[in-house]
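Two complexes follow with chain A in common, the first pairing it with chain B and the second with chain C.
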Partner chain A sequence: MIAIKLAIRNLLGAGLRTSLIVIVLSVAYFLIIFMNGLYQGWERQAKIDMKAWEVGEGQYWQENFDPYDPITLVDAHAAVPELFLPAVRAGNAAVILYTQATIYPEGRMLGIQLKGINRGQTVIKIPSSRLTAPEGEIPAMIGSRMAKSAKLKEGDDILIRWRDVNGTFDATEFRIVSVFSTSVPAVDVGQVWIPLEIMQQITGMTGEATMIVRGRKADLPVEVPGWKFRDHAFLFADLDAIIRTKSIGGSIFYGIMLALALLAIFDTQVLSIFRRQREIGTYISMGMTRRQVVGLFTVEGAMHAVLALVVAAIYGVPLLLYLQRTGMAMPEGTDEFGIAAAERLFPYYSTALILGTVLLVMIATTIVSYMPARKISKMNPNDAIRGKIQ
Partner chain B sequence: MIRISVLLVLTASVLSAQPSGKEVLERIDANMSSDSRYVKSKMVIHGARSSRTIESESWIQGKSAFTEYLAPAREKGTKMLKLEDKLWIFSPATDRTIQISGHMLRQSVMGSDLSYEDMLDDPNLTDKYDAVVTVSETYRETDCWIVEMHARTVDVAYQMRKLWVDKKRYIPLKEELYAKSGKLLKKTELTDIKLRGSRWYPGRITFKDMLKKGGGTEFIVSEIRFEVKIPEYLLTKAALR
Partner chain C sequence: MKNGSIINISDLVKRFPVGGGEFTALNGINLSFEKGEFSGIVGPSGSGKTTLLNILGSLDTPTEGNTEVLGTTSAEMTPKLAASLRKKHIGFIFQTYNLMPVYTVYENVEFPLLLLKIPASDRKKAVLDALEWVGLSDMVRSKPPQLSGGESQRVAIARAMVKTPALVLADEPTANLDAANSHHILRTMEKLNKELKTTFIFATHDDKVVRYLTRIIRLEDGKVVSDEHIQS
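Here is the complex of A and B:
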């Protein structure tokens, strides 16, 4: 207790020097929590959106399907297994059939993925129920990014060319009946959605699918012959990797702030021990053990982190809460990289993040405070009390 | 009664003059096909904004062909080898040989209106199509038979083809390729037809993807020699490097 009292008195006595260290350290606290909160918020939001729009409760891929290899699409289709049919009929499984196709907006040639989806599905938020059109028209639906890049809008007719299951060309006009908005580019960029039964009919793949998205209420086995089940860990792996990379990049930024503060604490400790040799000698001669004196100086250094925490809380808590409520606008074009990202990003500060940050800064500060203080244990008290440089 | 008889006789004589679709295709093959040939050509690709020219020379033997690109500098040294239904490309920039297969076959050849698959297309149409001479028509001031070809097998790229064939020289002047829906997809025009040796052959072939903008792709024959002796090594993968 005496160590804490002395530490506070000494720190407050140091005035400007303590203030500068505490401010820099408080900024480090703020930045660590804010930036990690931002990435956690992005990850949380992206996963919620991906589940809602794309991955559902996992996906069954036809065994030849590889989303990174468009060549596999030609052979990536098979009859929907019988055991899926009750879930499909109840709307608890979304059946999707893929093929490569080409559209010609204003005579330009654009490669796309033509996707058929069952209208009655309620598993993902693709508004498949809107895929209706009057007799003689074939309905199609696109996302807002696709609409922007191809300069298309609701009510437009679009010429699509594709190949059927045997490789024979076919082409006809489709009517854009809906343009939906989503934060998940994976169901938007370069894609045109049409009703599943029309897709199966025009490609000659009757009753077939490339992928089946499992709904929450669907009771389906993981192992299905000819199909590979992809769980959330697999489907979110790319997102996790991107966020991890971004997070490491961001840590350099707040790492510099933290390093500056720790360096300042280290310097302060070295200077204190050099300048306060008489005081150290007095403590020892008055009966304090060397260990107690080392502890006193270590606590003094570590108190910077406590004061910084108080300062960071004063300006940081309102600011972090404000940012959590209003969110931050993502830079223009972020979604074109193919990563799920909403227009505004809302940071998420978990208890683990806050406690972890406090613990990290406290431990780091204690270590850099202890390191110079170790010299005290080697001091000769007689020389120290005389102020002799050791 | 006499009138009807005359009409029947006339109709019969007209029908007998009209060859079958198969006959027309065989006559085309007899005129244009050869066991081997050497072609030096220019491919002019007319894009929406600009045009570019690619020069090449090819050695063709049966279903195999070797092509080397000569110009522009960017494409110079690129080589292409077609053996039956397989296609390889050697790019000097990457010093790599890659096989064009699967979906890549559907990509455009150097930005032209031709796909790699079009290049691999088996010219023997009689195996896969039922050909019928539908009508006689004057096209580019030439009397032509119009031959409609409907796919007999399902594994063809185009469900229907239509050929305008010169009645005298038995050379196609135009070809149209249709989708299953009946939509016109591609058009090929053969012009500058000259007698080269004993064969009538076009000096210029224009390919046009009818769904996209642009002036199409012109294939200009600078030099052609038939029944040439092609060294064996040229039609092997070793020749690519």
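Here is the complex of A and C:
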């Protein structure tokens, strides 16, 4: 207690020097929490959106399906197992059949993935119920990114060419009945959605699917012969890796701030111990042990982190809450990288993030405060009292 | 311990390593000090005054011989015990005052009591009493850079006396002061010695100090050359 009391007195007495260190350190607190909050918010939001639009409660992949190898797509289809049918009928499983296809918007040729989805599904937010069209027209649906890149809009007719199960090319016109907006590019960019039964019919893959997305209410086993279940850990692995990489890049900014503050504290400590040797000798002459004096200087250095926490809380809490409420606009074109990202990112500050940041700064500050203070334990108090130590 | 004495020194030798050899700062000192003495160790620079004072204040240890200060011998003196002895029973006054520059006068004087964990209300009374003894009651909020040399040394005296120690060790307390301030300081210490029966030991070569002493121990080349009690 006495060390804390004395440390506060000394710090407040040091005035400008303390203020500068505290301000820099408080910025480090703020930046660490904000930057990580932004990544955590992005991750959280992206996972929620991916779950809602693409991943559901996990996916069953036909065993030949490999999204990273388009060649496998030709063989990646099989009959929907019987045990899925009740869930499909109840709308608790989304059945999707893939094939590669080509569209010809405005005379151009674009390679796409043609996807059939059951209209009654309620598992993912793809608005499959909109896939209806008057007699004689075949409905198709695209996302807003696809609409933008292919220069298509609702009501347009588009020629699609595909290969059926036997490898025979076929083509017909589809009517764009809906353009949906989503933050998940994986269900938008380069995709055209059509009703599952039409897809099965035009490809000759009756009753077949490439993938089945499990819904929350679906009671389905993990092991299904001929199908591989992919859980959230697997399906979010790419997103986690991207966010981890981004987060490392972001940590450079706050790392520099933290390093500057720690360097200033270390420097202050070294200077303090040299300039305040008379004071150190006086403390010892008044009955403090060297260990207590080392403790006093360490606490004094570490108190910068406590004061910085108070300062950071004063301006940081309102600012962080404001940013959490209003979010941050993502730069134009971010979604074109294929990462799930909404137009605005809303930071998320978890308790672990806040406590972890406080702990990190406190520990780092204490260590850089202690290192120079150790020199005190080797000081001769008689020389220190007279300021004779060089 | 001899009857009535609070300090006994026998065959004390202190050597310091210098270059490849050794320098003998104190050589065969035998002394004892009674409670309530107002004594001075007098001698030229390098005679060993400060070294002797440091050993008495347990800031240093003898190379040979024994000391017994307030019941604790040099043989049993651990760093922790030495710190405890200084904290409870010994006050120091330095030539350069050694006040904490960022503390107020009040906080400087309060410091030894904080180490002793004295309750706040008792602390306040003791600090104000000590500042009254030295005539600085109106400067409690001032900081050392705002004080004159004489005022700073009076704060240092108040800081040394606030815990009413058994022993005060003053190393050249008037060396940085003019004559008027020196006399003021010495009269203050003399008064405290008489009123509180605190033992004062000075290390000095200042004639102004010598005039106030009731016992003068002269050191030369680390040896006691005379030990004279003055009748007041």
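Just so it is clear, the second predicted complex is superposed on the first by the 389 of 390 C-alpha atoms of A that agree within 3 Å, B and C clash if a C-alpha of one lies under 4 Å from a C-alpha of the other, contacts with A are read in each partner's own complex, and residues count from 1 in each chain.
Everything below uses one rule, namely that a residue touches a chain if its C-beta (ideal position, glycine included) is under 8 Å from a C-beta of that chain, and two chains touch if they have at least 3 such contacts.
These figures come from a predicted structure and were not determined experimentally.
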Joint occupancy of chain A by chain B and chain C, clash or fit: fit
Contacts of A:166 with chain B and chain C, given as first, second, both or neither: first
Partner chain(s) touched by A:372 [first = chain B, second = chain C, both, neither]: neither
Partner chain in contact with A:73 - chain B first, chain C second, else both or neither: first
First (chain B), second (chain C), both or neither touched by A:109: first
Which superposed partner A:100 touches (first chain B, second chain C, both, neither): first
Touching partner for A:286 - first (chain B), second (chain C), both, neither: second
Centroid geometry (CA): angle chain B/chain A/chain C, rounded to a multiple of 10 degrees: 150
Minimum C-alpha separation between chain B and chain C after superposing on chain A, in Å: 73
Contact residues common to both interfaces of chain A (with chain B and with chain C): none
Contact set on chain B toward chain A in their complex: 48, 101-104, 106, 151, 154-159, 177, 179-181, 183, 185, 209, 211-214
In the complex, chain C residues that touch chain A: 50, 54, 57, 59-60, 79-80, 83-88, 92, 94, 96, 98, 100-103, 107, 111-112, 114-117, 159
Chain B contact footprint on chain A (complex, rising order): 70-71, 73-74, 100, 102, 104, 106-109, 159, 161, 163-164, 166-172
Complex contacts: residues of chain A adjacent to chain C: 2, 5-6, 9-10, 12-14, 278-279, 281-282, 284-290, 292, 381-382, 385-387
